[in-house]
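One chain, chain A, links the two complexes that follow: it is found with chain B in the first and with chain C in the second.
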Partner chain A sequence: MNYVKTLIRNLIRGPSTVAYPFGPAWTPVHFRGRVEFKLSSCTACRACEQVCAPGAIRFDKTPEGLRFMLWHNTCVFCGLCEYYCPTDAIRQTDDWHMAHATANQYQMAIREVIPYVSCSACGTKALASAPNPVGVIPPFSAEEIEQQRNLCPGCRKTALAERGVTK
Partner chain B sequence: MSNFTIPVGPLNVALEEPMYFKVDVHGETVSHVDIHAGHVHRGIEYLVTKRNVFQNLVLTERICSLCSNSHPQAYAMAIEQIAGLTVPPRAEYMRVIADEIKRVASHLFNVGVLAHLVGFESLFMQVMEVREMMQDVKESMFGNRMDLGAHVIGGVRFDINDESIEYLRAQLDRIAPAVAEITHIYNTNGSILGRTRGIGVLSHADAVDCSVVGPVARASGINYDVRVKAPYSAYDRLEVPVHVLPDGDVWSRAMIRLQEVATAIDILRQCLADLPGGPTSCTAERPSIPVGEAIGKCEAPRGELIYYVRMTDSPKPERVKWRVPSFMNWDALTFMMKGAKIADIAIIVNSIDPCISCTER
Partner chain C sequence: MTTLIQTLSNRVRNMASRSPWIYRINAGSCNGCDVECATTALIPRYDVERLGCQYCGSPRHADIVLITGPLTARVKDAVMRVYAEVPEPKVTVAVGVCPISGGIFRDGYAVHAPIDQHLPVDVNVPGCPPRPQAIIEGIAQAIAIWRERL
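== the complex of A and B ==
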């Protein structure tokens, strides 16, 4: 008998499924979807490459610089890259619309190059990556990040020592 | 009446996962069962030794989708023991929250499938709809319906604010009466009782002999729950009642699961009330893992899950071995199926909540 109650309740309440793709589909704010990469924040520390379980993230040296590459079809959306990224360079969006034609499968990747520059202090060839913010107190200002970006690792250390870092 | 040997599985509409039973029947009654495993072996124990400690958090999570929180938790506990890391109190409570959310969803899934196998499709839909509320919780709080990604070495990697605490409380208030209603149906409905009471009985003595764990053991009168016997995370600070039933039939196992769902909701409420402040992880960076070996164990929805990890000076573990609850429980199927009817085979197999992908990895 108790089932009749459920039946009536369900008739009044209507279906619990959504009408997607003919209607909107609910997506939670914290949904772990397609990965986004912000080149200007990348410190080239390669932590994301090391923790990426399926090997979707890869860094290659090219003549122009260090290339970051992420294959969306290999990504398992675990979010470890975002967790271990010292800056906000890599993060997951709530975008889950990943369906694509097979012909486009090689476009389903992020390929961005951190270029080489010559150090503004000593002129050595160096990567124009963002400085690592870990342990830097007070945090870098926007101008300082741009200054550090144009320095080689050695000159960055010197600049940091002059600035004073409290750990 | 004549004797036959019939195959059940590995692909069978009534089985949720590939498992092959060679069943000798006398007329319609089972006289002997042979269990053949190995259909979903993916070599994960080997793969684990080819990946570093952090990558393995993700790999162990993907061994099985229903206990996908327990595997990385036991693994992380073993690694933390090797590295001597202390998980902050807030993270311990958060681990319990993730664990119990998964337990509610996992148990409701199994109980729902039981209704489906009994042929009570509308009840199956009702249970799955209640489970869907928990799926929404997982998706909202963790970002994924099955693989929560809650753990890191040294803590958890999600945080909850007042808004998500309010949301979780509201969802629990919706789920609790719905679970009570379902429990009442399983307690009183003639179709359910007729197909499950006195079916697939595992006596207390047989249960001890087979060393069964989890709800299967508790339904046969064995009072054993890792959360109480060897408390981990924050379970020593929480009230965790252990439910035990004496009969050991399919119905008892379903009832144990439903009672544990109610308990899990209660534990979640306790966690939300006592949740301490502070960091959610003992280190924001990747800790270095020294040489050593350790064992971590936790209570997965199916029972006791044990992880053994051995680290050498390489960032990859030398050996990771885990004993899953279904390995202990599926042996008991031969006792449960003795004298059973062919029509009850699927119901009995489902009642141990077998997780073949964990067991064969």
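== the complex of A and C ==
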């Protein structure tokens, strides 16, 4: 009579099939999906480009600045870029709705440019990237990040030395 | 007589558009995407047959082709031969990042990725491997394209 028990149990529990695509689908909490890039936090250290196994991340020098490019059709969602990013500029979301028509395949990319600025102290051309926060105690405040962003690498060092930080 | 034939062919077209058959081609895949494709079809949790699809064993019965793998040099001729046997109209779905761009095998000497320079691909499902729901999403898009082509 075991089958009667199973039958009743199954009737009570309902179907085990996930309703998707006719209903919502469950996504695990730490699902590694589509990558997001936050330009304002990027330090242009290029660690993500270095660790990216399939070469999905690329930095190019353009006349406007340093261009960050990530193509989701090569990304294998390993999460190394997120792990090595010192400022959490690159982050993985739990979005997995990425099926698309082949005509749109080159729109499945992130293209962002870190612009050049002239250094506010000495006037040389420099990248307006966020300062590297590793080893900076106490951590940078929001105003300090904006100040550092407008400095060239040499003047950033001077500013950090005046601040009294041993890196 | 012509009206009868037209009515019949319309009827058949309507019926066929609700039950596309799926054929899988492994173009040198690591088996990750193949496992996910099998999961999509075989276990009741995902069950692609709700969309009217069925996996078939012969390319000559197929309507939708799922291709996995970066098209390795060794398997290329076989894949092109099998793909040519699938009757028109057909819809091709590239499952995983390997057929779309090569994935981690990109620019490798033994792979001919991306696959869309050798055969027409209609839908891409990126992922390494894509989760079964993502494959179902891709198949749903493929069915919509197939209805238009029929």
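Following the convention adopted for this analysis, the second predicted complex is superposed on the first by the 156 of 167 C-alpha atoms of A that agree within 3 Å, B and C clash if a C-alpha of one lies under 4 Å from a C-alpha of the other, contacts with A are read in each partner's own complex, and residues count from 1 in each chain.
Operating definition for what follows: contacts are C-beta pairs under 8 Å (C-beta built on N, C-alpha and C of every residue); 3 or more make two chains touch, one makes a residue touch a chain.
Remember, it's a predicted structure, so these values are computed and weren't measured experimentally.
Judged by the touch definition given at the top, the superposed model places A:Gly79 against chain B, while chain C stays out of reach.
In the superposed model, A:Cys122 lies in contact with neither chain B nor chain C. Of the two partner chains placed by the overlay, only chain C lies in contact with A:Val18; chain B stays clear of it. By the touch criterion stated above, A:His100 is placed in contact with chain C alone, chain B being left untouched.
Look at A:Ile8: by the touch rule set out above, it reaches neither chain B nor chain C.
With both structures placed on the common chain, the touch criterion links A:Gln92 to chain B but leaves chain C unconnected. Of the two partner chains placed by superposition, chain B and chain C are both touched by A:Ala53.
Shared interface residues of chain A (contacting chain B in one complex, chain C in the other): 16, 53-54, 76-78. Listing the residues of chain A that touch chain B in their complex gives 2-3, 6-7, 16, 28-32, 47, 50-54, 76-80, 83-84, 92, 134. Only residues 15-18, 20-22, 25, 53-55, 71-78, 96-102, 105, 108 of chain A touch chain C when the two sit together in their complex.
Those residues of chain C that touch chain A in the shared complex are 44-47, 50-51, 94, 97, 100-104, 106-107, 116, 121-128, 130-131, 133-134, 136-138, 140-141, 145.
Those residues of chain B that touch chain A in the shared complex are 51-52, 54-59, 61-62, 122-123, 126, 129, 132, 136, 139-144, 147, 149, 152, 157-158, 181, 184-185, 188-189, 285-286.
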